[in-house]
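Everything below concerns the one structure shown next.
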Amino acid sequence: MEDIQERIATSFNSQGLMATLGARLVSAADGEVQIEMPFSTQLSQQHGYVHAGAITSIVDSACGYAALTRAPLDCDVVSAEFKINFVRPAIGERFLAIGKVQTSGKLLAVCTGEVRALSAGAWKVVAIMQATIVNVRG
Amino acid sequence: MEDIQERIATSFNSQGLMATLGARLVSAADGEVQIEMPFSTQLSQQHGYVHAGAITSIVDSACGYAALTRAPLDCDVVSAEFKINFVRPAIGERFLAIGKVQTSGKLLAVCTGEVRALSAGAWKVVAIMQATIVNVRG
Amino acid sequence: MEDIQERIATSFNSQGLMATLGARLVSAADGEVQIEMPFSTQLSQQHGYVHAGAITSIVDSACGYAALTRAPLDCDVVSAEFKINFVRPAIGERFLAIGKVQTSGKLLAVCTGEVRALSAGAWKVVAIMQATIVNVRG
Amino acid sequence: MEDIQERIATSFNSQGLMATLGARLVSAADGEVQIEMPFSTQLSQQHGYVHAGAITSIVDSACGYAALTRAPLDCDVVSAEFKINFVRPAIGERFLAIGKVQTSGKLLAVCTGEVRALSAGAWKVVAIMQATIVNVRG
């Protein structure tokens, strides 16, 4: 797992979008990756909440890297597709995306993810994702 | 339609994320909205292509604003959920997101969207979306 | 909960498709409903496994009825949309669909579901669903 | 195309579920397959309309067979996942599912589908699907 953590950290740091969003890799364990993002007006939609696209971006990355912890060693991963429900307004000081592998094979992994918002001292789920990740020869 | 175009432009300009991504509202017609985004390394994923999250963000906004052109006048819109397939690597100089209303009711609209990439003089579809937008009293 | 269990049983028994598929309501608790379906060649796809459509049908009903346990008393529910991943071939003697409410509001509920197959004495997940259910005045 | 039409017809006829639902293969052209299903109370949900699961089943098969028309010759296809929106109640005398390939590669195809209902002499779209199909060595 040390190798894969380092590999994920290196890959994460090369994602320009994660830096642009102010996102930070929190943890990478076997089958589960967490990414955090503080609130910023630069991420807002028209009501001042965080835009669905920013919420989606961090949980997509979390799911992809979770899949990478189970992918064959010579593979990288890309998102084939995902679906996401926004279950509460994305209001909060910080947002934590958690991606988890549900099943993984030689070719495809299926992950579920969620994003929690920290607001007034409490974490609440604001989005849930179901994603298909494909292994590609790196 | 003039009023709704102005309303969409005002709303778009208040979305911090669209500015952060360098996105620009191209057009807002009845049931169809187009948003453009130039390539930038600030939007990249680990292979240097544009991150799925940035692609998703512009087509989510395009679908939402397309739905707004058909929403009751006293309503704003939010994304309830969407699903997106990434059908080619997001490589290109510019990206055009097109959101279209398929059906709309008092409560919900269903939209489809796509993102096209301009590369070597040709436009190719890189992502397709199917989204559910909910009308909310503004 | 007794009322809602009886209401779900009555509604389930009025679904012609559930009878056609040989499906049976197993349990209806607050926020969670289970439906079972035995294998039959009448449900098969071209390889002899159970067709994705039959798997989808029982977990769609399970999610819908789970949502109904949390819906306002004067409402019925309909599926607005869902997404389902088929993570293993649907091989088995029996299939158990479990639908769970993740969040519910006045208007919409978001549910997750899974289908497990019993094969050689072991249950394995063969499909996972994420669904949006809408409350409708009955 | 003659070979593939015959292959699809043979495969369709081996799907027990299609017979159970009363579905019929209408046409199989390059990249597009149509399947029809008459109304029956055996397909109903609790309001007497056709159950979302039956609607889903025919458009899933239509998308899968559409993908098969573009798959490598030595491959069969299975649904990896799909997402479907139900945009109107499934009321009608007959239902027509149309599956179309959007993109196809060595490994995956992405299809869109819709189901139209014939009611009072007019066809209306009742559901739209976006699906990922995977090629498997047969």
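Some observations on this one:
So that you can tell them apart, the chains are marked A, B, C and D in the order they are listed, and the count of residues begins at 1 in each.
Heads up, the rule we're going with is that contacts are C-beta pairs under 8 Å (C-beta built on N, C-alpha and C of every residue); 3 or more make two chains touch, one makes a residue touch a chain.
This structure is a prediction, so every number in the text was calculated from the model and none was measured.
In terms of C-beta pairs in contact, the better-connected of the chain pairs A-D and A-C is A-C. Chain centres were defined as the mean of their Cα atoms; on that basis the chain farthest from chain B turns out to be C. With centres set at the average Cα position, the gap from chain A to chain C is 28 Å.
The distance from the centre of chain C to the centre of chain D, with each centre set as the mean of the Cα atoms, comes to 21 Å. Rounded to a whole number, the gap between the C-alpha centres of chain A and chain D is 33 angstrom. Touching two or more other chains at once are residues 80-81, 83, 85, 110, 132 of chain D. Listed in rising order, the residues of chain D touching chain B in the complex are 83, 85, 87-88, 102-103, 110, 112, 125, 128-130, 132. For chain B in complex with chain A, the residues that touch the partner chain are 11-12, 14-21, 40-47, 50-54, 56-58, 60-61, 76, 78-86, 89. Residue ranges on chain B touching chain C, taken from their complex, read 80-81, 83, 107-108, 110, 132, 134.
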